[in-house]
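Please find one structure pasted underneath; my questions will follow.
Letters A, B and C mark the chains as written, and numbering starts fresh at 1 in each.
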Amino acid sequence: MNKIIQEIKKSVLSALWLMILTFPIMVIKVNSYEGVVLWRWKNLMWIGIGTFFLSWLWRFLLDRKENGPGESKPDADRDGKFSLRKALGERKVKIPTLAVLAILVLAFPFMVKFYQVGIMTSALMFVILGLGLNIVIGYGGLLHLGYAAFYAMGAYTYGLMYLYWGLPFWAALPLGAVSGAVFGIVIGVPVLRLRGDYLAIVTLAFGEISRLLLENMSGFTKGPEGIAQIPRPGFFVKLSLQGATTYLFYICIVLVLFAIFVIRRLEDSRIGRALEAMKEDDIAAQSMGIDLAKTKLITFALGAVWAGMVGVVLAAKTTYINPGSFTLMESVMILVAVVLGGTGSIPGVILGAFLVTLIPEYFRALADYRMLMFGVALVVMSIFRPQGIIPRVRKRYLVGEDKS
Amino acid sequence: MKKIFTVLVLLLAVSTMFFVVGCKKEEKGTVKIAVVGPHTGDLASYGIPTIKAAELVVADWNANGGVLGRQIELVIEDDVCKPEVAANSAAKVVGEGVVAVIGHICSGATKSAMGIYNEANIPAISPSATNPPLTQSGDYPNFFRTIASDDAQAATDAEFIAKTLGLKKVAVLHDKADYGKGFADFTVEALKGLGVETVLYEGITAGAVDYSAILTKIANSDAEAIVFGGYHPEASKLVQQMTQMGLDIPFVSDDGVKDDTFIKVAGEYAEGVYASGPMDTSANPMSQKATADHKAKYGEDPGAFFINAYAATIALLNAIEKADSTDGLEIMKALRSNYVDTPLGSISFDDKGDAIGVGFAVYQVQNGAYVEL
Amino acid sequence: MKYFLQLVLAGLTKGSIYALIALGYTMVYGIIKLINFAHGEIYMIGAFTALIVGGALQITTGLSPLTILAISLAAAIFFSSGYGVTMEKIAYKPLRNAPRLTALISAIGMSLILQNYVLLAQTSDFLPFRSMIPNFPFLTPGKSLVTTTQLVILITTVVVMVILTLLIKFTRTGKAMRATSQDKVMAQLVGIDINKVITFTFAVGSATAAIGGVLIANHTGQINFYIGFLAGIKAFVAAVLGGIGSIPGAVLGSLVLGMTESFGAGYISSAYEDVFAFIILILILIFKPSGLLGRNEIEKV
């Protein structure tokens, strides 16, 4: 009983505080041209009531998070209960599921309206971007805030080469990857000495410089006017709009699979382990004989390759590119996808990328509230799942014991 | 790998649910028209008036029996003025089976969407996309607009500077965005033809807190006027800082500044500013009716491009009626061959898609209002 | 020569504007090592509060402009500090022991929340912000060099910097702040209530942002919900340039940034002013990896 009174007291105090705090912005609206002041007292009431209950819920959840829910353990595998993760791991279940999944993915463009294919392609592009940035942040531990620059690099590789030489999509795709990687190294060299937040701000600076150069060198890049009429990829013959959209969808699926494959190989490689060591403690890693400069540059290059390719796909998909598509906000959103899903975890990043692209897309009805809700989701997720939705599971190397 | 799996399975399940919910039954018997533009975000104020205009016109027509004897239905989509979103929005409305589009609002978004409309043989009429290549390049045969293009606007401004103001040297600034820079470039070219020298040509950073450096530079050049390509927030900062530092030369700008918000925000500093905008239509009875209807329904004055969007909707519905068909090619033919009475006057479209009979005029802020000169 | 002087003054103005926001950035970073992405939003809220309170007073009462300025400035400081402190309690405090990247995402979320909150509760349009500072008559002859608001901004920045430096160097609270910044666990062991210290830091940092908000809005004459984002990025760059965590560093960094932009625009091209700003940042960080006045960390294994 006493506890409840205490809780009520806390909630009332929070409600009162928020009512005071939001008073000017929520209640008063000044129209200075007509000299009218609008007092919206109702808003104050809603804030009060809302805060009362929400703060209660908030404290309850925080409490639960700190003291644990008591019964169910996070790792359900060991309790012998049914677990989706475990079930999918078994061969009997795994192969049929994989087959069904493959069929569903292949049939997807024919099951839905074709704009859904377009949206799904955008989401898949974001997945690849997330996976690429994840190499830099999740494995290398290097906070990169200018990732959109690599993305721009790829898009402009295709855009410009088409504009000047009429280069087709399939030639641009590998070139986009190469230019992304080269650009990654070019940016990487000067920042080798920097770490942590200093690295973050310098990558941010490089990202902004690239965008500003694209904007200002209008003789070469067409500046803010952008490059229009970039062709969609053809499949021996010129495809219809639907055909090209479906084709891009499949291309993205292949790229996603390819990215997952490469990253998983990377994890087990020498470089992967060097990255791991560097992330944990770069000085210790260096004294173990890891060439930090080389490892960092490889990380940047490997991360940028994917952005370069997605850039080419973007140019082909929208047929029009301009510098406005590669702002800092874009880099931030990719970062959000990675961290929200689970830094370093491939399924986490995939899920994060889908959430970041599909939530705003399907919650159009919320109109202006959707960005507010998105912000709330970011804060709530960070607090309650600080390791991401699907946290990374570290590889364990067992010594002297058979793995199976 | 197991985890990737789990996620993919869950995702697919969730998305399938979305699609099942998303696939509504087609309503037969209505003629669908899309309205696409920025309806949320920072540019929403440029897109929402177009929805209102289309709704008013459609309500009128539906009350009088619709078009081709069928009711008209609006399909409204948001593109937040971003090319990559616009491509998806365009695909979506095409998938909904619309016969024509009112929009898009921003030139960049329009360019990315037009490819899809071209494939689908659907005409799009924009009330606001002024980028010249949209009509002049010939790459967008399905594109029409009820607003004059940037080069026409630039020519109007240039002539005003050279002939009316009689100046010889100007400084040209732009906000480094699609619209502003386009306008600035065309103005420089038009001025050259009229023998006016551009002594300084520079981009400024939109959203910056201070422009004293560039204004000082202009004060120290021998420019007799500033021409600015861009939108009103930067323009009002520029004019305010000009007045404060005592730089007293004419300020000539574009349609992005010929907006009442500019006068509200810049206040006293706005006095004397020149800006070009679509020719005044407030004397046109249809325009008066449109504005009155808007006030009656929404309780406020219409916003940006309202009249242009109103005219676009009328022109489109009229073309459908005249073509006696919802086929895109027929509608486009009708748009090109018929004159129609709109709030902008009697208009038709030329081969490239520009409206005939729509032009620009120069306005000046006098006593807190824009006055046509 | 006059042109040079004009550019210097333009650079100083721009620099002091950045400094007013960068000071709060650097204080918060100094104490909890968090890039407070939402700091720019606090500045925006300060400006909005002043506009709303000032506007309401102007319409409903007949107070003199200077009284209104004083009241709305006080309101801006109070409410901004309130938002700063509340934000810390909700979004950052539960994350003290979480990975730093997660706290950064929380800050990005907070920034989106505050932007959209103002957008929804007020408006997406630009609002005029009438200058509340009367013109100083003695400046009229030299107004092509420096205007009244510019002078006020310059003086305020210096005053704020001096006060903050004194506060941190010589008061008990300042000592506690320095201790918390260096080692939270040790600070707690010697009896410092680090929660109180962090709250205080957020309050002071937000208050400087509010002062910045009011003065800068006076200078630009307009505000909308998005001004915080752009200003925040620049201020962050300035704070890092000067050595993040250092109060004089934030001001020095801001002035270097302002000067670079001003001279870049004046002698080369204003289209590239941001490019120059970012290049100077990169150059300085390459040669001094922890900023102009930042302490070099000694690395231990």
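Here, a contact is a pair of C-beta atoms (placed from the backbone, for glycine too) under 8 Å apart; a residue touches a chain by one contact, two chains touch by 3 or more.
Note that the structure is a prediction, hence the values are computed from the model and not measured.
Chemist: Quick one: point me to the chain whose Cα centre is farthest from that of chain C.
Modeler: B
Chemist: So which one's got more C-beta contacts, B-C or A-C?
Modeler: Pair with the higher count of C-beta contacts: A-C.
Chemist: Which chain is most central here if centres come from C-alpha coordinates alone?
Modeler: Closest to the centre of all protein C-alpha atoms: chain A.
Chemist: Could you tell me the distance, in whole angstrom, between the mean C-alpha positions of chain A and chain B?
Modeler: That gives a centre separation of 33 Å.
Chemist: Averaging only over C-alpha atoms, locate the centres of chain B and chain C and give their separation in whole Å.
Modeler: Each chain reduced to its C-alpha mean, chain B and chain C end up 36 Å apart.
Chemist: Centroid of chain A to centroid of chain C, CA atoms only: how many Å?
Modeler: 29
Chemist: Residues touching two or more other chains, restricted to chain C: which are they?
Modeler: 127-128, 130, 271, 274
Chemist: Identify all positions of chain A at which a residue touches two or more other chains, and write them in rising order.
Modeler: Only 216, 368 qualify.
Chemist: Give the residues of chain B touching no fewer than two other chains, as numbers and ranges.
Modeler: 44, 176, 203, 264
Chemist: Could you list, by residue number, the parts of chain C that touch chain B in their complex?
Modeler: Going by the criterion above, the answer is residues 3, 6-7, 9-11, 13-14, 17, 124-128, 130, 143-144, 147, 149-150, 216, 219-222, 224, 226-227, 230-231, 261-263, 265-266, 269-271, 273-274.
Chemist: Report the residues of chain B in contact with chain C in the complex, numbered from low to high.
Modeler: 42, 44-45, 176, 202-205, 207-210, 212-214, 216-217, 219-220, 232-233, 236-237, 240, 244-247, 261, 264-267, 269
Chemist: What residues on chain A touch chain B, complex-wise?
Modeler: The contact residues of chain A facing chain B are 33, 84-85, 88-89, 94, 97-98, 101, 104-105, 111-116, 118-120, 122, 215-216, 218, 223-226, 228-229, 232, 240-241, 245, 260, 264, 314, 317-322, 324-325, 345-348, 350-351, 354, 358, 361-362, 364, 367-368, 370, 390, 393.
Chemist: Okay, in this complex, where on chain A does chain C touch?
Modeler: The touching residues are 17-18, 20-22, 24-26, 28-30, 32, 35-37, 43, 58, 62, 65, 137, 143, 190-191, 193-195, 197-198, 200-202, 204-206, 208-209, 212-213, 216, 281, 283-284, 287, 328, 332, 335-336, 339-340, 343, 368-369, 371-372, 374-379, 381-383, 386-387.
Chemist: In their complex, what parts of chain B are in touch with chain A?
Modeler: 1-9, 11-12, 15, 18-19, 22-23, 39-40, 44, 78, 82-84, 86-88, 91-92, 94-95, 108, 111-112, 115-116, 119-120, 131, 133, 139, 176-178, 181-182, 203, 264
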